[in-house]
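Common to both upcoming complexes is subunit A, partnered first by subunit B, then by subunit C.
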Partner chain A sequence: MSDRMLTMAEAIREAMSIAFDERPEVFLLGEDVGIYGGAFGVSGDMYHRYGAERVLDTPIAELGIVGAAVGAALSGMRPIVEIQFSDFTAQAMDQIANQAAKIHFMLGGALHVPMVLRTPQGSGTGAAAQHSQNLEPWFASVPGLKVVVPSNPADAKGLLLSSIDDPNPVIFLEHKLLYKIPGREPVPEGSERIPLGVSKVVREGKDLTIVATGIMVNKAWEVCEKLSTEGISITLIDPRTISPLDMQPVYESVDKTGRLLVVQEGPAQAGFINEVIAQMAGSASFGSLIAPIMRLAGMNIPIPYAPQLEKAAVPQIEDIEIAAREIVKNWR
Partner chain B sequence: MSAHPLIMGHPTSSPEHARHALLYMWRIRKFEEAVEDLFGRGMMHGTMHLSIGQEASPTGMCMALTLQDQITSTHRGHGHCIAKGADLTRMIAELLGKEIGYCGGRGGSMHIADVETGNLGANGVVGGGIPIAAGAALASKMTKKGTVAVSFFGDGAMNEGAFHEAANLAAIWKLPLILFCENNKYGMSSSTEKAFAIDNLAERGKGYGIPAVNVDGNDVIDVYEQAEIAVKRAQAGEGPTLIIAETYRWKGHSRSDKNLYRTKEEIEEWRELDPIPKFTAKVIKSKLLSKEECGAIAQEATDAIIAAVNESVKAKPADPAGLLEAVFKKVSV
Partner chain C sequence: MSFKYPVVMPKMSMTMETGELINFHVKVGDHVKSGDILFEVMTDKIDMEVDAPADGVIESLVAEPGAIIEIGKPVLIMLTETEVMAFDFGSEEGETSQIIEKKSVEPVEVKIAQPTPAIVLNEKVKAVPKARTEAMARGIDIRTIAPSGPDNTITMHDLGNAQVDPVISARQKANRALVANAIENSRSIAQASFSRKVNSEFDIAMLIKAWAKTLRSRPDLAIHTDIGVALIIKSKYGSALPVFKDPDQISHDDLTSLIARTSESAIDGKVPLAMLTGATTTIFDLRAYSMNSATPLLFPNQITSLTIGDIGDLEKNISLTIDLNFCDFYDGAMLLDALIASLTK
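On to the complex of A and B.
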């Protein structure tokens, strides 16, 4: 184990570089991924290291970019598309949801689409409603897409390598606020993969199970730390891939804790985390619950601009803390 | 600082017109400088897209419009908003997340709209406003309102499907629409040389059957003259016009831009083509305004911005309490 503390942007760049070195058919395309180094600095110096033939700066044309990636993927290449903000996947949704997601199934397996679409999502930057959405459920609700939501640099690296290997379209949702901060754990050197579809038990406790995605894993971690000093011990589970979703560790944990709190950044209405609740409700472990399942999610509103409004729109550490305390205290 | 009465007509047709053109270009310049300052001092959050260097384009275009004519704008929208007559205090207050801001603090820089002056809104989505402007023009045509709609957008937006689909609709339906492209040579780091296979973006008009002209986007007179022709065509039911205004953004794309894709020399060259001194020299030479009057106009703009900032700083911050109720307009019974 190395002790390299990378940021998530660095870890993703490293994974892309490894894939570039391993396979000549891997390339990156997107707006400002070249000389600019990516709007969030993720591609960084890759343009200088790999050249304009493999790091393709594109015009502002999301539908065209993703469509070109789909076509190239059908034809032997392994494109990584960067969409500058996940909000602009809306422009490309035909190619994502109607084309990439369905081609393998619809064409009887004749073709497949080994494409990764990486895109930053989430609030907290003051960029307002069209630049701050958490769109996990948009993609998780489309059969034929795999959806990855890394919460830390080490996972991002291993999961991205698996995503690039995968013969299917993978949507890789990166939280902007995580790009510039190092994770709690070092990022291993080398090219080790983390398989898609395996949830991670981040820490184990006996009083409460928290399932959270993306940046909410980090917020929940803070709460776990704080409450552990008060004698409340919490199991924290990060699904990492929200489609396919691995519920087994959640069932096993709830069998021990009897309490479940689920947390997501996006709006509560029809959110991804509701799938976790639904699967729990239909499982044998439902009987292990001694408390109603508690859900914390964003408000059912577009993300507002002013900092005090933006904060109110999505769960904060204090909200998770209050919820966790309440469920453990009130249900014994 | 309530909105100035808009003055329509040629920028050199009278001292009042010259004064208006100069004042509005200064208002935009000083507004953008204030935004940069507020950002630097940590008083504003989010991001900012400044239009310093491009002031002549919205000013010239909007001098050909009535208050009722509509515009759609972009992420780089402060200039369009000001040129159409918006209130400076409500703009600054929005950037500072205040209740009295145009969007009640919910939208910020990229979403300021002002219905009273016909501004249907800035836009966070490149190209997002173009089909909307076509729709406003369609409504005008259907209701025989006689107003025109103008969509401001950047060179980069011309490669989005939204531009192409809207242009075609406007052409086949002969909509009273002006497609106003501020060609500042870059969409973020992508130069027009890299993002287009044609040299002159006006060629795009032909494929849609839309007359297109190139104007010096740093010359408020040239912009106005072509804008007026386009407005007349639209009003006469002859359909849309594409205006390509050649201009340049002096500042980075946004706060995180390191300007790695262009040279210092290029930026310097364009700074020499500053639209404000250019027009100032012209109106002094033609004796429309004196040197002293021009100085006083610049000062008037500065004072207006300072007053707007001071008033906004004191205003009440937006309150999270009403957010849920703000999503839908109440259904009236």
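On to the complex of A and C.
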């Protein structure tokens, strides 16, 4: 057992390096991923270790970057694209949603697109509305894309390796605020994969089930710790892959706890987490609910620039704590 | 002991929803025998005479000739002493109770209580999903529970203090008394029991069919011309004994789906009227309870009774009780042997 504590940026770099070593057809392209080491320092020294042919600095042209990656994937390569901010994927959406996601189906399965698109998302950096969005539902609503949202370094490493192995396009959404933070658990050495489409039960409790994605898993964890001292025990579930979504652990947990709180960073309206609620409401576990399902999500507004307002626009630890305490207290 | 029994508008075709009452063949106070014609009904497809399901006395006529009546709604009430069970027959609860209140004949002893719920019922209540399923399972009328949750919603906590629905508990009590009374009556009959282990896989429909066939192969033992197999199943109001008539004459699939449908509606306290009489033998399947045997007792007017238990893996235990007034010891042994032979074939 390894006890290495890595940051998520280090864990992702390690996963990419392992994939580079395992397969010559893997390469990385994006804006400033080479000499500069990536806008958030994720690719780091990879340019120096693998050379300009495998770590490609591209022009500022997202549609062209993803288009090049789709073409390369169709001709036998396994590209990893980094889009500097997930907000910029809007520029590349035709290649992502209309080409990468559909080619395999429209050509009767003759070709596939083994491409991974990594991109940082989320608020909390004071970068304002065009650099702070959480766009999980954009991608999760496109059939043909797999969507991964890691919440910690160890998961990020194992899930990224599986994403690179996958013959289909995978959107890998990394939260900026997690890049520099070491995880709670060590990152294993070696090249062990974490399968896509398997939710993780982060901790188990009997009073409440919280389903959260990405950075919200970390915030919810703090709440679980705090409330456990008050005698409230919480099951925390991290879907990790939001498409395909594995609901089984959620059903099993709600059968025990009877209460469900879902938390996401993105706006509440038509957000990904609503899918969790919809599937729960239509499942056999609906009859186990002893409380209304509670949702915490971002406000339906563009992320504000002012730090206090930015903070107020998305769920914070205190919000989750209040919601969790309320649902347990009010519904017995 | 006597029991009030509503005779309802029968469902005579798949599409039938209502029927017109043409006329009565009986009046209040008449003594009727099982099979006597009680009234005639008409639908757009068929006219039919409705028979008395059991011996008894006409207590009241509920509907007027010429009236259009929904299926399952009572047409008349009779008092009976036979093994007819205390069930709803598709009618809505309150309505039946009201009609039963209409006294028009000197009552024989009536065992069913008419309890009134303690509080005024809310027709529309808000409750968390688990409280609804729990209340149903525990026989609690959720409308009787005082809500304490947000927005006047019934929570699991509220359910914790709730009492069992008095209507249901009274029905269960009456039903238990009926079954006990029936068994009590037949206890003095000279009887003998046999049992044997059997190593074979078969479902309840196969067992019912095989048992009917076995009985039919021994006309010398029959005291009835038709075969009706009563199956003891669980219901909201206690044990229900729906009767499957001549089950060896219908296909396994049809019988399986009939058993499933009957069991499902029995859970809700509803057993079709036509299935409450005509039993000539009774089966109690203990496999669902992981029991390997129970004492099979004879019901009145039946000369055999069968229980089947689970011993483990494929092994089962079948026990047969016979009425020695009609069968000899070796007849019983041969019947059980023949049944097992047809199940292991």
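Note that in this section the second predicted complex is superposed on the first by the 332 of 332 C-alpha atoms of A that agree within 3 Å, B and C clash if a C-alpha of one lies under 4 Å from a C-alpha of the other, contacts with A are read in each partner's own complex, and residues count from 1 in each chain.
By definition in this document, a residue touches a chain if its C-beta (ideal position, glycine included) is under 8 Å from a C-beta of that chain, and two chains touch if they have at least 3 such contacts.
What you are looking at is a predicted structure, and each value in this text was computed from that prediction instead of being measured.
> Following superposition onto subunit A, is the placement of subunit B relative to subunit C best described as a clash or a fit?
After superposition on subunit A, which the two structures share, subunit B sits beside subunit C with no clash.
> When the two structures are overlaid on chain A, which partner does A:G271 contact: first (subunit B), second (subunit C), both, or neither?
Neither partner.
> Once the two complexes are aligned on chain A, which partner has more residues of subunit A within touching range, subunit B or subunit C?
B
> When the two structures are overlaid on chain A, which partner does A:G124 contact: first (subunit B), second (subunit C), both, or neither?
In the superposed model, A:G124 contacts neither subunit B nor subunit C.
> Treating the CA centre of subunit A as the corner point, state the angle out to subunit B and subunit C, nearest 10°.
140
> Go through the superposed model and pick first if A:P249 touches only subunit B, second if only subunit C, both, or neither.
Touch status of A:P249: no partner.
> Contacts for A:P304 in the overlay, against subunit B (first) and subunit C (second): which applies, first, second, both or neither?
first
> Per the contact definition in the header, classify A:L289: touching subunit B only (first), subunit C only (second), both, or neither.
So A:L289 only meets subunit C here.
> Which partner does A:G258 contact after superposing on A: first (subunit B), second (subunit C), both, neither?
A:G258 sits against subunit C, while subunit B stays out of touch.
> Measuring by CA atoms in the overlay, how small does the subunit B-subunit C distance get, in Å?
Nearest C-alpha atoms of the two chains are 27 Å apart.
> Starting from the residues of subunit A touching subunit B, keep only those that also touch subunit C in the other complex, and list them.
Shared contact residues on subunit A (touching subunit B in one complex, subunit C in the other): none at all.
> If we count contacts the way the header does, which residues on subunit A are in touch with subunit C in the complex?
Residues 258, 286-292, 330-332.
> Spell out the part of subunit A that touches subunit B in their complex, as residue ranges.
Interface residues on subunit A, with respect to subunit B: 31-32, 34-37, 39, 57-64, 87-88, 91, 125-131, 299-302, 304-309, 311-313.
> Would you tell me which residues of subunit B are touching subunit A in their complex?
Subunit B residues touching subunit A: 45-47, 94, 97-98, 103, 105-108, 110-111, 123-128, 156-157, 159-162, 187-190, 194-196, 256-257, 260-261, 317-318, 320, 323-324, 326-327.
> If we count contacts the way the header does, which residues on subunit C are in touch with subunit A in the complex?
Checking each residue of subunit C against subunit A gives 128-133, 149-150, 155-157.
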